[in-house]
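Next come two complexes, and both contain chain A; in the first it sits with chain B, in the second with chain C.
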Partner chain A sequence: RLLRGGTLQERAGSDLFCLCLLEKPPLVISSAPVLRGCHLAIPSHRTAVQAWVESLRHYDDRHVGLADLHPDVFAVMPRVDILHTVAVWQRNYKRISYAKVKTRAEVRGGGKKPWAQKGSGRARHGSIRSPLWRGGGIIHGPRGPTSYYYMLPMKVRVLGLKVALTAKLMQDNLHVVDGLDMPTFDPQYLADLAQYRRWGQSVLIVDVNKMPENITKAAASLKTITLVPALGLNVYSLLKYETLVLTLDTLAFLEEKLLWHDSRYTALYPFHLPYSDFP
Partner chain B sequence: MGTLLQLARWGLLGRSLSLVQTARSLHCGVSSWIHVKLPPEPKEVDRWTEKRALFGVYDNIGILGDFQVHPKDLITGPRWLQGWRGNELQRCIRKKQFVGHRMFDQDYKNLNKRIRFLYRRFNRTGKHR
Partner chain C sequence: MAAASRGGGGGPKALELLRALPRVSLVNLRPNPGAKKSERRRGRGRHGGKKSGRGHKGQRQRGNRPRLGFEGGQTPFYLIIPKYGYNEGHSHRRQYHPLSLQKLQYLIDLGRVDPTQPIDLTQLTNARGVTIQPLKRDYGVQLVEKGADNFSAKVNIEVQMASELAIAAIEKNGGVITTGFYDPRSLEILCKPIPFFLRGQPIPKRMLPPEDLVRYYTDAKNRGYLANPSNIPEARLELAKKYGYVLPDISKDELFQMLSTRKDPRQIFFGLAPGWVVNMSEKKILKPTDERLLRYYSS
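Then we have the complex of A and B:
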């Protein structure tokens, strides 16, 4: 409830947001903007792409600073075919189809010849479970649990991530946030913030570090706003969710992980075994 | 739906108003009503269940996580099929290797019959042998 000039106003749910709207925005404590430069070397013929750094502390904190993003991760060629390849791979590689039908050998019964070969006037048959019969076996049906597993080359999967991140940035669906600190754990605050800043119908929030409690509680009850650790970033989710929200630490993490593949030696043995020069 | 905020919440949650299918009847003439069957209504699918919202998460755990885990370790299913693919004969042989020792009697015999049949089919008949 909001008490204003003697009248009682009831607002279902969004009291705190209401309060934020009606009061003046709080004074910014540190007026220095957050500037994030790219930690890894950028090729000399390219320049960094930039994005605003926002904050979740106030509903209108949209210009806290500026972040430089590496062009070889956030400004690659928009390869839609690679996006399709990687998304289809994600859908299928873990698919196991459990469809199975019995062949004439597995259907119960049908060992005996139903009637003599000649003399009865009926068509000749050897078993009542042949595929011609009702209740008989199926010849070319699905057989047993089938797996559709395959792996795309590592560099294709990496490039898919880069293209997806590029697409999000170029289509104004990428937002960089300095941290996931929220003033309340009210899910309504998060939903209204996303709606006010025109983030879209669905938001994917990615962070490397452990997420604060407020935002975990808020996103737990929301269907279309999801928190995901940085290890869980993938092309399918980027295509499903309209907006992507990254923290500054996640940017550094992603750039480091994705750029390494541009200039690595080919694997002589799988990477999960120890290498002397790669930690 | 009252206020703008409530409308937005409705939209964010992705709900839709459901239409009730009513069977129509045409009246033609004096006493005969023809029952017109309408096509079935498309079933309402919730695109934001937990499974659908989190589909594909951790598929890049190898690339983004120091290669200690491979995405094939995430696959749940029969153990002889996790992170492996083969045609029917290969699948039968692999199943026999993994779980043949503890299968039921009739299933084991059917598996052996199938392996025998497929071996002969693939290696002795047709153009490719």
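Then we have the complex of A and C:
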């Protein structure tokens, strides 16, 4: 009955049961806990928020250590309207609508007056392609490729990322992992792990460094679990996926990049050109 | 949602509230109430419709009103008032961005400008104290008196124009002020040095001021950079007598070396001469060796 049919829980339970029989039960608290402090200075009136550091090496490795997260990135004011603004921007700024219709000047034909102004008894007309006619031109229709490009200020987009990360942390959807090392490349292992730890229907795993082979192979065949490099993190993806899994290196990277904008000068010239006073 | 409620007292309470609310996802997003007001479109119902804001009959509704400014035949206002060149040649007039002593003191106090180095337009721009737009006919910065009472910084500052009281305020604190002219190309290079270095062009020589400014910059009273250096101590004494303060002796100062650094009239940057090419990527400076170039750049 468990080979086909049966509920998902029952099937997953059976696999884990098999795993349980094969391996030793893990230590709940390891002997050398991974403690990650915040590398950047925290303002004196605020304290760091904390998250458990987990591991992917075993299906139940949930308390490998504790990580301090910077409050100005992971505990900002939950501005849901900014999330809306940024998500709408992400959807629309790439949009080019290719719809175009012909006006009465562009529709083929219609240069000649169809019948004389007076005498025929019919309504007066000047062209067979006027908008009143069937097959005539369209007034005020979509004209040519239209671009919906606009840019939100840099700091709004940065704040959007911070609010999204805060929302994920506060709603218990953020998990910190010490690394993406997996014991096997079996996609089922990853799926079972996510289900056992109640991560949610979809998981977004983010890493700064090159990801190990096992996890890339495992996630390649899974639809609900996605790997993303840290540079590809965006508000839309954060809201689309239910759970976010970050590595410790990604935490440091994100904190550094997002906090820099709080205390920088305005740009004199584009940021990709070198500056001497700040990176 | 959480952001819209005014009952919570700041961040921590809002975050606690967020924990109890459903998961924030793409389906829950909405803008703050009142943020998006839909525009009134004409011809679409009760308040945009019926006459669609055109009024009742006549030229107004039929779109046949005369041109803007027409007064029914009476000579209109825009013709009856005689022309006068208030704005004539406005785009050829030199503009100097004001920098108050109060702002300068503020920048020094916050550590954005270093008073132990000579203060230049580059330093002021890097500190984001002033924003100069050479393309909008800005010719530099002028020092303005506001905050002269509380100014207490000893600086070696170079501006483009300065009023008498501003000069007095700087010198009273033992500082040195010079006024120098920058033509628009040099000004652009001075304000944004890095984009210029990345172009790979040699540093040009600073042009001399136009005729109407020569008198200003050759006058020791304005501390002009073209004035005779021997006239400047006299002018300092005179100003001290006029405003009634004791002129401090800067030659006995420990920072005398720094305070007495002045730029050559043809020099744009301290430490870099015209004709040199700065290579940012390899961190090298290339100097010309050809005789004709050397003669040109040192003239």
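The rule we apply is simple: the second predicted complex is superposed on the first by the 251 of 279 C-alpha atoms of A that agree within 3 Å, B and C clash if a C-alpha of one lies under 4 Å from a C-alpha of the other, contacts with A are read in each partner's own complex, and residues count from 1 in each chain.
By our rule, contacts are C-beta pairs under 8 Å (C-beta built on N, C-alpha and C of every residue); 3 or more make two chains touch, one makes a residue touch a chain.
For clarity, every value in this text was computed on a predicted model and none was experimentally measured.
Under the clash rule set out above, the superposition-derived model of chain A with chain B and chain C shows the two partners fitting side by side. Once the two complexes are overlaid on the shared chain, A:Tyr265 sits against chain C while remaining clear of chain B. Vectors from the Cα centre of chain A to those of chain B and chain C enclose 90° in the overlay, to the nearest 10.
In the superposition on chain A, A:Gln171 makes contact with chain C only, not with chain B.
Of the two partner chains placed by superposition, chain B and chain C are both touched by A:Tyr236. By the document's definition of touching, neither partner reaches A:Leu190: not chain B, not chain C. Contacts of A:Thr85 after superposition: chain C is touched, whereas chain B is not reached.
Partner contacting the larger number of chain A residues, of chain B and chain C: B. In the superposed model, A:Val73 lies in contact with neither chain B nor chain C.
In the overlay built on the shared chain, the residue A:Leu244 is in contact with neither chain B nor chain C. Of the two partner chains placed by the overlay, only chain B lies in contact with A:Tyr150; chain C stays clear of it.
Residue contacts after overlaying the shared chain place A:Val158 against chain B, while chain C stays out of touching range. Our summary of the superposed model lists a minimum C-alpha distance of 8 Å between chain B and chain C.
Comparing the two interfaces of chain A, the one with chain B and the one with chain C have residues 236, 240 in common. Contacts from chain A toward chain B in the complex involve residues 14, 90-91, 93-94, 96, 103, 105-106, 143-151, 154, 157-158, 161, 191-192, 194-195, 201-202, 222-224, 226, 228, 230-237, 240, 253-254, 257-258, 261, 270-272, 279. Those residues of chain A whose C-beta lies close enough to touch chain C in the complex are 75-81, 83-85, 87-88, 164, 166-167, 170-173, 236, 239-240, 242, 265-266, 268-269, 273-277.
Taken together, the chain C residues at the contact with chain A in this complex read 1-4, 10-11, 14-15, 18-19, 21, 23-26, 28-32, 35, 125-126, 128, 191-192, 194-195, 198, 280.
Those residues of chain B lying in contact with chain A across their complex are 5, 8-9, 11-14, 48, 53-68, 70-72, 74-75, 77-78, 81-86, 88, 91-92, 95, 110, 113-114, 117.
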